[in-house]
Amino acid sequence: MLDAPRPAPDWQVARWFNTDAPRSLSHLRGRVVVLHAFQMLCPGCVARGIPQAQRTAELFAQAPVAVIGLHTVFEHHEVMGPAALEAFLHEYRIRFPVGVDVPGEHGDPIPRTMRAYAMRGTPTTVLIDAEGRLRKQVFGAHEDLLLGAQIGLLLAEAEGLSKRGAVSRATGAGCTDSGCTPAA
Amino acid sequence: MLDAPRPAPDWQVARWFNTDAPRSLSHLRGRVVVLHAFQMLCPGCVARGIPQAQRTAELFAQAPVAVIGLHTVFEHHEVMGPAALEAFLHEYRIRFPVGVDVPGEHGDPIPRTMRAYAMRGTPTTVLIDAEGRLRKQVFGAHEDLLLGAQIGLLLAEAEGLSKRGAVSRATGAGCTDSGCTPAA
Amino acid sequence: MLDAPRPAPDWQVARWFNTDAPRSLSHLRGRVVVLHAFQMLCPGCVARGIPQAQRTAELFAQAPVAVIGLHTVFEHHEVMGPAALEAFLHEYRIRFPVGVDVPGEHGDPIPRTMRAYAMRGTPTTVLIDAEGRLRKQVFGAHEDLLLGAQIGLLLAEAEGLSKRGAVSRATGAGCTDSGCTPAA
Amino acid sequence: MLDAPRPAPDWQVARWFNTDAPRSLSHLRGRVVVLHAFQMLCPGCVARGIPQAQRTAELFAQAPVAVIGLHTVFEHHEVMGPAALEAFLHEYRIRFPVGVDVPGEHGDPIPRTMRAYAMRGTPTTVLIDAEGRLRKQVFGAHEDLLLGAQIGLLLAEAEGLSKRGAVSRATGAGCTDSGCTPAA
């Protein structure tokens, strides 16, 4: 249900909403990341993708899962600017952090993160594991049961990582009950 | 299920979409009019009101029923202008005529038709009979079964009117199988 | 939206639920009748037809509309008997009157009312006007908006009938403000 | 999202449908088991629980996940017998194995497996890990996203178990690329 790990490009964000601090991929290490790429005037995003992202954020609020929205505008640029997005987020009561993808270079209508991930369109759901690796990318509607299972598999990996991390910290950099040591 | 008839104010429209000719109330005499007032960034409109208006337009395409959309922007004016609406109508594949309500006077955030009808918000569904009279105004979600029944009642009235009209046309202005005559 | 009137056969009912008195068609004269033929083990009936009948009964509770259920068992007869139906009506909280169609004659698996109406299967929705005439018969899913409109058209006819009936009553059998008279 | 492991009682089944061989818990070792307890006349089961079980069976068909239905009749016993259940499974096109819970002892209306699991009612979803241990039991509606995540977590455990099992097999009973050996 997951793909072989490959590097996940960091997102390039012009502006963040619903968060004081930028949420770069490197800051999310240790957490399972569910990235929802959408456009505010995309019917499939509004009807299915965004509600799914909202339910995900609510249901996994106690787990190490980060839901991040990404506004990947590739059409109707003039009417989906930050002010329009802000009104949209307010009216739809979207609470998770949402970044605005940086416009494409040299007249490219596709914004940069969308281009870096080679997304086919919106909505696109991207799953990134706790080590920051891309594990699944789905264009269009994605079944709740499958998304849930993929999150569950990645949570299990994250937990294993966390346990092994405790060991590596004990023998390398980091702190144990006995004290703190620098990396060997 | 219908209210006592009262005059229906004509709408004041700055610009029309999905129609070459303006659709004023006087041009719709003889037809049952279903007016759907909405805002493109209103979740209840997008999830329920507009799909209902679309189903109404499709299911009653062969009947003397006119579905008219009215974009009654009373908030976020700067991001719900005509260009944004045009992109919205395109993406949501809305085919029925949609008018943009004229902005309110003297800084009134409520646009003029919305003010004239004393609408409480969006979505608002207005039913106007074949004689151009206001017969029902509903704010918020409106049951398909009830909307259907109200349209059916008004269609029955329109048919009765048409029969009586045929008589009056035969004896007054209009055309019969025998020929055309000017109004007495 | 309605068909040309034709005689509606009365139903043949072995047993009634949710009513003390049998509801024959003749007793329902003056009311618009929505007859919902179903089987308790028919998925389309349970998911769509019966909930629509329940909404119809609730939404038109104040109008001269009678919703009647008819259990037209044409398969799995041995497990859809009256005791099973009674448990089903209880668990699904169905409140409108439901009759059990009389089994077919001479080994006919199709029960008698279903046969008399030439229904193709379940669910089937039948609309009968206030004069007891069959005006529409729909097999399978039926749009709420269209069912509503058909009910509205028949309600308008019933109202016209009632007005004309008031005149006939005034000059024939019945009661007026002046008193009651026998039929001439 | 999962509970601490505790022993899962095996089910007591009077009769199986949709399978030639009984599916006891011991035969399902190594697989994640999703047990759906339902009654055919339970509206919440028909509207939500059973469709969820069907989607689960379809979406995880390629994974080591076993979906098992259990007909836990605790009311209306006389109309929810095996013949009625068989017609129900046929009409609703339910394909996963379904067992009939053995009736309660000494007049107990609660059947035995339902009693052994202390289920509160129907629908109840039970998750059992690949080692045959009870890990979650949910009464009523269960979110697809959460059910999916719980299945994912248990699949990850099963995979780890399988890897460790491969090691133990290499050093004990079982086959490797080099050949097969009896248990030490």
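Labels for the chains are A, B, C and D, by order of writing; each one numbers its residues from 1.
Note that in this section contacts are C-beta pairs under 8 Å (C-beta built on N, C-alpha and C of every residue); 3 or more make two chains touch, one makes a residue touch a chain.
What you are looking at is a predicted structure, and each value in this text was computed from that prediction instead of being measured.
Number of steps on the shortest path from chain A to chain C, with steps defined by chain touch: 2.
If you average the CA atoms of chain A and of chain D, the two centres end up 33 Å from each other. If you average the CA atoms of chain C and of chain D, the two centres end up 43 Å from each other.
Taken residue by residue, chain A touches two or more other chains at no position, since every residue touches fewer. Taken as a graph of touching chains, this assembly forms a single closed ring in which every chain touches exactly two others. Of all the residues in chain C, the ones that touch chain D in their complex are 41-43, 46-47, 75-76, 78-81, 83-84, 87-88, 91-92. Residues 1, 52, 55-56, 59-60, 63, 143-157 of chain B touch chain C in their complex.
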